[in-house]
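Shared between the two complexes below is chain A, which has chain B as its partner in the first and chain C in the second.
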Partner chain A sequence: MTVKKSDINHICDLSKLRIDENEISIFTKQISDILNMINELEQADTNNIKPMAHPMNMSQRLRKDEAILNNDRDLFQENAIDSEDGFYKVPKVID
Partner chain B sequence: MKWETVIGLELHVQLACESKIFSSSSTKYGMPQNTQASLVDLGYPGVLPVLNHQAVVMAIKFGLAVDAEIAEKSIFARKNYFYPDLPKGYQISQYELPIVFNGSIEIPIHNKSMKTIRITRAHLEEDAGKSIHDKFHNASAIDLNRAGTPLLEIVSEPDLSSSEEASSYMQKIHQLVRYLKISDGNMQEGSFRCDANISLRPLGSNDLGTRAEIKNINSFKFVEKAIEFEVERQKAILEEGESVIQETRLYDSEKNETRSMRSKEEANDYRYFPDPDLLPILVGKDLINEIKKELPELFDQKVHRYIKQYSIRKVDAIEIAKNVDIAEFFEALIHHFNENYQQAANWLLSELMGYLNKENISIKDLTITADASADLLQKIHENVVSASMAKIILKQLIETNDSVDEIIEAQGLKQISDSTQIESIIMEVLESFPDQRDQYLSGKEQVLGFLIGQVMKKSSGKANPKMVNEILLEKIEEYRRI
Partner chain C sequence: MERFTLKKLIHMISQREISSAELVSMYFERIKKYDHFLNSFITLNQESAEEQSLIADKKIHAGNYDLLTGIPYASKDIFCTKGIKTTCASKMLENFIPPYDSTVINQIKNSGAILMGKTNMDEFAMGSSNETSYFGPVYNPWDLERSPGGSSGGSAAAVASGIIPIALGTDTGGSIRQPAAFTGITGLKPTYGRCSRYGMVAFASSLDQAGLLALTAEDIAIFLETMSGFDPLDSTSVEEAVPQYSDFVHNSIEGKIIGLPKEFFNNSLDSDSQRILNQGIEIYEKLGAKITEISLPNVGYSVPTYYVVASAECSSNLARYDGIRYGYRDDDTKDLDDLYRTNRQIGFGDEVKRRIMTGTYVLSAGYYDAYYLKAQKVRQLISNDFTEAFKEVDLIVGPTTQSPAFSIGEKIDDPVSMYMNDIYTISSNLAGLPALSHPVGFIDKLPIGMQLIAPHFQESQLLNFCHLFQQETDFHLQQPQPFLDD
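Up next is the complex of A and B:
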């Protein structure tokens, strides 16, 4: 499977990553290698094997539906780049 | 060319849980911004989601009510996209193996027949936070109180073929989740939202056309309007010989139009994969049977029972059962007042509902109990108060904390059903209006209404109208003989 430069740009768009032009060829090669490895894995016969969603053969433990009231907003907002009036402030986004 | 409309709906139903789907933060609506967002909701590194038991139970309840299959094993997936109100960079949802699949529901359509709409799946997921764009001049404001609120997304097959059917289906599901008490269904607060997938195809064709997805529909009226607009838009494109673009569009209810959400196109690549933080949900037969036993009586069963058990007219039974809160009030009412079920239904639908509609409030906001209402009905039934007095008493009942007896006593609203007393008022009236009396006796029968009016006025509206009518006729005839 060949990875094109446009694929790398698409992945970067989706992951909101900015890479330098000269890094594109590095990642193209690395991602190709990973895909080749996955292709190799796909050779294994998995016809009679059920897909596994989680490596641990256990089921999800459930929590009782009880609300705990705990307002740590001020503490959490100390970690935010910008906040005002209890809101987190982010660069303007409009659809 | 004739076109056929093909619609599938995705309904996002906020589950009536106390706490969030993966954290213990409260889900209460309208709290100060970001006071109900814990480390889990904020997507801090190192935290782990723990699934809410009640959310699972509610999803199963819905599944059973629409005759769906309940997955023995279902899994959560990450839906990856970037938006400021989604702090983790992914929404925990279900993709492969949803908890509920292959269901169906019957909806009433225009010619009073029923149509079966298949439900592809219903899956559990978390809601995102809220972005407010007009709060700050050069920034967007983010409130994450809603982040992590439990949602059930109900996806229909493209079985709906008109805006009316879409609205009918939406209302049916809305009614169902309210009956099941798995959601308050409050559309103003966003507890019940709809995305519509709409496409057109040449009439008779079996292939599906290219669809547009309309987001942001939050009322039964808007779902009709959005679909009608979109159908016309696509028809115009297709008749020009052009093709519809597959895209996400936003419904703007103020302008009544749908418009493209350009920025979402590129991002429609969600790269779902199983969430390694969450183990599979295993649902055993025991749990399913337990929930099955707890399923409440639903709309159709209620209507049927009201007609059979209480001999109520079908139209009234349907009207009462339409809203589960009204139905429950009715049942409490006739528990205390069992003289005449149809009378109770009439009173509820005309008097009480009339008051609610006039004041634009819901029955849940009423302070009046079914108990007190039954007292009032009993007084009407026994002719202690007249229908018009009952209206005044109802208003007082709602606005004060007094009992029916106290109100009647304090206001002197008791109906006069003592024939001697009524007789003496009538005699006074007949003596005071000799002209009208003689006009009646000479054959001008419409004057009777005037005389009855005078009697009622003199008794301050308290005389039993039926008795006034009878006694007046009797007394006026006596003048003929004089």
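Up next is the complex of A and C:
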């Protein structure tokens, strides 16, 4: 399996990453190497095996459906670079 | 410079041979004197630690104190600490100050131990050499040109050099055990769900587990008691009673059966490591354990399985870093898409980008079944192999790494070669099993580790075996040469 530069650009679109033009060929080679290593999995016989999503094979525990007060907005916003009146500010999205 | 075990420090405090304030100040002096060689700390917590030590001394003086009151420790910089920077060794979180404590930090705080600082690591715990840290690599105290391993490299180097008695780490694919092996100390990755993941910055949520790096199994046993147990804030925390681990360490292992997986003792292990491991196995025989060969037929698929599962979970977990609510924010972007991409381009290092890209690829349309679903099935096969093996044996023993610590710069440009470092450690993360690495010998003055793997929630057995081994040997007491002189 070899990925192409166009695949790297597609992955970057999906994951909102950006790679400098001069680095794309390095990443293309490295991701290809990683996928080649991963392709070894094809040899494993997984007929009738169920996928394992949790290492202890447990189901998701849910808490009781009770309302709790957990609003520390001002505290949490201390880590935001740009916020105002309780809102987070971002560049204009709609003209 | 004498390295003190946690047990020794507890004794010194209880005998009033030293006060907590003296202890805290002694360790800060050591850190100031030696850490510029190692780069093992990112942030020090000196002012707060000194204040806490005075409070601890009042409690000790009044006779109203607990086992760990006033004892210094360090935390890998992946655990959220209220009011103290938690960077995950990333530019993305360079200025992040958590508004809350992780559960583990909170439990240790309640035990009375004092947080001295936050240790260096691979960025977001992604790496096996500590070279992916935004704050620069950590250097191995046994040879400053070599890697201490990773990702908990700062915690390992700090404990091995004696500038901290015990440190928190995390282990997703070997990140406690491999650095412990490379620096000649003892490291435990508990069972998945044993210690809370709440407030531990997420890398791969079905694999991440908090654990400890220390000089002895007994020290780990004492500290593990404080940081284990059920946490309603962690949805994968397990409701399982916490044993008094330190009571179990002295048990006899007479008649216990150790399994040696033939897949762990093949050509990928260098011959010197093989010879040293065999000597270690003989010590367990001398202690009364019986040795038998076993097979884990699918364990050879561990590395590819891991790099699908861990990368997929990483790409999902790290989607949260957009630079809007917290994290690196570039102030020169033209629209929202540019804002996301610029923040993530500048905020993340290359290894983190590679993992996000690999994870995004294996989860993307058309590839999900071939990669992600396939890997989850192989993960089940690997787990089944262990279940079968533990019907016959009490414990599995093998190498921790293929060789002693490699040089800094040796593997960083070849990700696949770096990933192969975790060949022996990854399978226990995939199966959620507890595993430990302890020193077993030296090659050319560099330490070698031996790995013990136990069934789920049998940490007490790992610590028991390791403690008896450490009563018979002195590998764990040997100290890196550059740090012997004072």
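Convention: the second predicted complex is superposed on the first by the 92 of 95 C-alpha atoms of A that agree within 3 Å, B and C clash if a C-alpha of one lies under 4 Å from a C-alpha of the other, contacts with A are read in each partner's own complex, and residues count from 1 in each chain.
As a convention for this text, a contact is a pair of C-beta atoms (placed from the backbone, for glycine too) under 8 Å apart; a residue touches a chain by one contact, two chains touch by 3 or more.
Just so you know, these numbers come straight off a predicted model, no measurement behind them.
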| item | value |
| --- | --- |
| Touched partner set for A:9, first chain B, second chain C, both or neither | neither |
| Which of chain B and chain C A:82 touches, first, second, both or neither | both |
| First, second, both or neither for A:65, with chain B first and chain C second | first |
| Contacts of A:49 with chain B and chain C, given as first, second, both or neither | second |
| Comparing the two partners chain B and chain C, which touches a greater set of residues in chain A | C |
| Which superposed partner A:91 touches (first chain B, second chain C, both, neither) | both |
| Partner chain(s) touched by A:19 [first = chain B, second = chain C, both, neither] | second |
| Touching partner for A:73 - first (chain B), second (chain C), both, neither | first |
| Contact residues common to both interfaces of chain A (with chain B and with chain C) | 10, 14, 16, 53-54, 56, 58, 60-61, 63, 72, 76-77, 82, 88, 90-93 |
| Interface residues, chain A side, partner chain C - complex | 3, 7-8, 10-12, 14-19, 27, 30-31, 33-42, 44, 46, 49-56, 58, 60-61, 63, 72, 75-82, 88, 90-93 |
| Partner chain A, residues of chain C touching it in the complex | 96-97, 99, 192-193, 206-207, 232, 235-236, 238, 298, 301, 303-305, 307-308, 315, 319, 322-327, 329, 331, 333-342, 344-345, 348, 353-354, 356-358, 360-362, 364, 371, 373-381, 383, 414-416, 419, 429-432, 456 |
| Interface residues, chain B side, partner chain A - complex | 17-19, 24-28, 32-39, 42, 50-56, 75, 80, 82-84, 97, 131-133, 135-136, 138-144, 250, 261, 263-264, 266-267, 269, 271, 274, 276, 278-282 |
| Chain B-touching residues of chain A, taken from the complex the two chains share | 10, 13-14, 16, 53-54, 56, 58-73, 76-77, 82, 84-95 |
